């Protein structure tokens, strides 16, 4: 019996989110929770991890940014083209009353959802599930970070949640003219200021440096979960490619969603990542600036 | 009092269980994770002279009874690899088996020299990578002569005990094993992955692995691993053997010891039972010793 | 209209599915049972000159992903075996592939002469029995030279198309395959059982099989079978191939065709899904053709 | 996952039934129905089929006659010696209301159980299960055939069923001085005479020729099941060793308990068996006489 069945199927729908970001939808009935990811390949070289940005049990979406060779090839695909996915993999985000975490009930749960670049889409699925679990829409603060206004993702979708579920989640767009100008961290501080006492949990998802830049604004007792990206090859916990230092946490298994207590142990967080070979790749100042400044 | 402790080439191990090359062993953190769960010996990913990023994905695919992988010997290269061992040494005393890979005796010897200055306890020669082979799919080190040559050359420069890791994909395994022992290998490690094999996605009409084929590991290769260990003993191999291939439970480990292994590698089982598999198998071996009133691992070695 | 019918060396088969040597094929009643469920070609148990009662039991043991067997070539001998084919011919037109086994070219040739007067459609040479091997576990017919010799000799006396059944347990499979084709084999059959392997009963501290080791068959050997078929094609084999090894479902059969086989053997799957497995796999292949809008088996052959 | 797990364990109990027949009991929790068999080995050469003569779900017994090398070696075993079994295999006997068969309810079910030699013990388990299914003890006629009085098996056990379950099954011993003298068939005819109209099903278990000799005494509409013995190697339906002609029935899978409709198709029944090699072995007159005369 094969535990990990791959599903090969045509692309059902392609949605252009921005010039560089598209959502690919598949008629695949995969059980998945927010924060989890799939591995996707077209059998032409490369199999890459993508967070699940939406699922209703019958269909599943991933939202992909064109960054290199593999994603560029995906952007040439049309509806009906065949790709192959496996998963869902990894740990998922806390949902009050659904899985284990702090003892807060849905009504009193006031989370901030901070996403940078393609870190935002998994927070969309999270927001949907939070609403479904009974968290009042008005309790949910979404902070989206993008380089320019054009990079801001899922503004409409988050707005739509307001329509679908009473009391829309607040979508705060940052770092674009006419809105908040600054970093994700700055926006979080701003939000936190505005809603003091109202935010008792943070979900963050994006580049290390963006997530790390949020932390100085956290009160000591604030509980959080960060969604990590590390180089993934097997995604089933055996190759060691995605392991973080020094705890040996496998981002593909115990992650990608890590708890505060796990994050606090990390010594590579925001400092370095491992490349495909396993060699250490230190974040450069340029990257730091890029990440801090662009939230991506 | 039942006892898992064992002696291997003069080094004390807390358990006969070994993390084999290639599974959760890119970095010191992984060594720590796995040794924390009770592995007695940690093998590094096979290191090459330069860093290798490995094959394009998909690099793994689950098949009935096991798994195919074509990682493609991705590793950070010998220098960064030795750094990982150094970092591990700062936090743990669990012995380390440094695995290296090259394509000829010269290459192996060059790497072996680096090993002399490392913190590793053993040097393992990966003579059996299924991903490096000639046009007829013959692994580089299928020949007794090549194996002997590499081992002698490495032995002449290396201060560490040398373990030869052999390929099951040869017509005459025991001949190669004997050649390795005769050439001075201090121990043998068997088996590397079987095949290789191919998985095909019929919807796409394409091989699943981008490299087309990959080495077969996991429970289904155990019968073959047991046979090769058993036949090596029957053929007169007396040096220690690290037996591996599909070991997933205490029962499997006991079988491997009974077949003639001294230590037992546990690789793909991490997929089925998590890194905790080492703790679980240790416990399962202890229960077996208890139930059958054996005392030491050595009581069950080679009893079939 | 989707179509399972296929042509093999000039003979029309109703399905590409083949009953391989050694599974439910001791007697004409078994042939009838299996052909009744839709096998397109029936292979007899490998027949030797004299009757053989085979090894003492246990002769089979289930392992993860497959099965080990050491039947030991039990068969009623060529004369009674040919009688079974005659009895089958009286009640069925399904083609029969007569499998024979001997230990040298002379022995094969002698049996091949008997085949001339039989009702069989094809003659298969079992060159790959893992139970007959030298002291180093090398199958008799691992060498290109021996294989070529046996085939040429048989071809010189035999009126039936000759199929060479090859062993996966050799360092250089494709070289042997090419040698067989060059020597005049009309088709190749691959693969025979893998290994062999050993299963150990830890309670008894004994090998499970009385013969100690047995050939590995079943789902877990499929990746290796697919690779050897694929590599044979890549190496330039153009004669028909009967691909087998772990084929259990329509998906498996489609994979085997995509890898380059013309016919597909289904052996150990009878254990998992009963003799009805032939009917089931035929149906599953048809559904696949339907869904992907292919028409003939030939549409999917060798497409990877 | 392994479907067919072998159980290796010490012999829990050995009961001497006659000089040549012993019951071996194991503390093995194997699900088994009457008629089914196990394969037994001591890993010293040979693995042989034996019918289950008793089981309560926690322990299991087989009753074995010493006939050749393998069984002789078993007779040297002591309690605590380790042997290995796998199974239960094959088809089982009809139990009214429990499995499919003729539409007769337990109360009106009046079976004759005809066993020759070591064919009798599986009928003991059958009788227990019939009683448990509600067949009145008085309805069950047991015919045991043996060479001499000393060969008659399980007389006490069948008697014991009377004690355990009210209304004991009748144990008719044959071919021994002082009891019925003749063949199993003769005994059956006698019984049938005595209980005309009372017997509406026959179970037979023993050598082909004994079972075959019963048939002339059957009325045309009488339904029956015979328990067959054929040479077994794999016992899991793949080696073809146990297949009967011309239907291709595998005695280890579709058998050993065959229905009338299946028996009527057989052309080897009582004519020949296949040897370990698969060659045909015709029943000789001597064997026929032995089987007819001795029920074994």
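Read from first to last, the chains carry the letters A, B, C and D; within each, the first residue is number 1.
The rule is simple: a contact is a pair of C-beta atoms (placed from the backbone, for glycine too) under 8 Å apart; a residue touches a chain by one contact, two chains touch by 3 or more.
Keep in mind the model is a prediction, meaning the values are calculated, not measured.
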Legend entry - Starting at subunit A, fewest touch steps before arriving at subunit C: 2
Legend entry - For subunit B paired with subunit C, centre-to-centre distance based on mean C-alpha positions, whole Å: 33
Inset, instruction - Could you please state the distance in Å, as a whole number, between where the Cα atoms of subunit C are centred and where those of subunit D are centred? - result: 37
Inset, instruction - With chain centres taken as the means of their Cα atoms, state the distance from subunit A to subunit D in Å. - result: 66
Legend entry - Multi-chain contact sites of subunit A, meaning residues that touch two or more partners: 1
Legend entry - Set of subunit B residues in contact with two or more other chains: 63-64, 203, 206-207
Inset, instruction - Have a look at which chains touch which and call the overall pattern line, ring, star, complete or other. - result: line
Legend entry - Chain pairs in mutual contact under the definition given at the outset: A-B, B-C, C-D
Inset, instruction - Provide the residue numbers of subunit B that touch subunit C in the complex, in ascending order. - result: 63-66, 68, 136-139, 142, 169-175, 194-200, 202-203, 205-207, 212-213, 216, 218-224, 226-227, 230-231, 235, 246, 251, 254-255, 258-259, 288, 292, 300, 303-304
Legend entry - Residues of subunit D defined as touching subunit C within the complex: 1-4, 6, 8-9, 39, 41, 43-48, 82, 84, 233-234, 236-241, 243-250, 253, 274-280
Legend entry - Of subunit B, residues touching subunit A in the complex: 22-30, 32-34, 36, 45, 51-54, 56-64, 69, 71, 74-77, 80, 91, 201, 203-204, 206-208, 210, 267-268, 270-272, 274-275
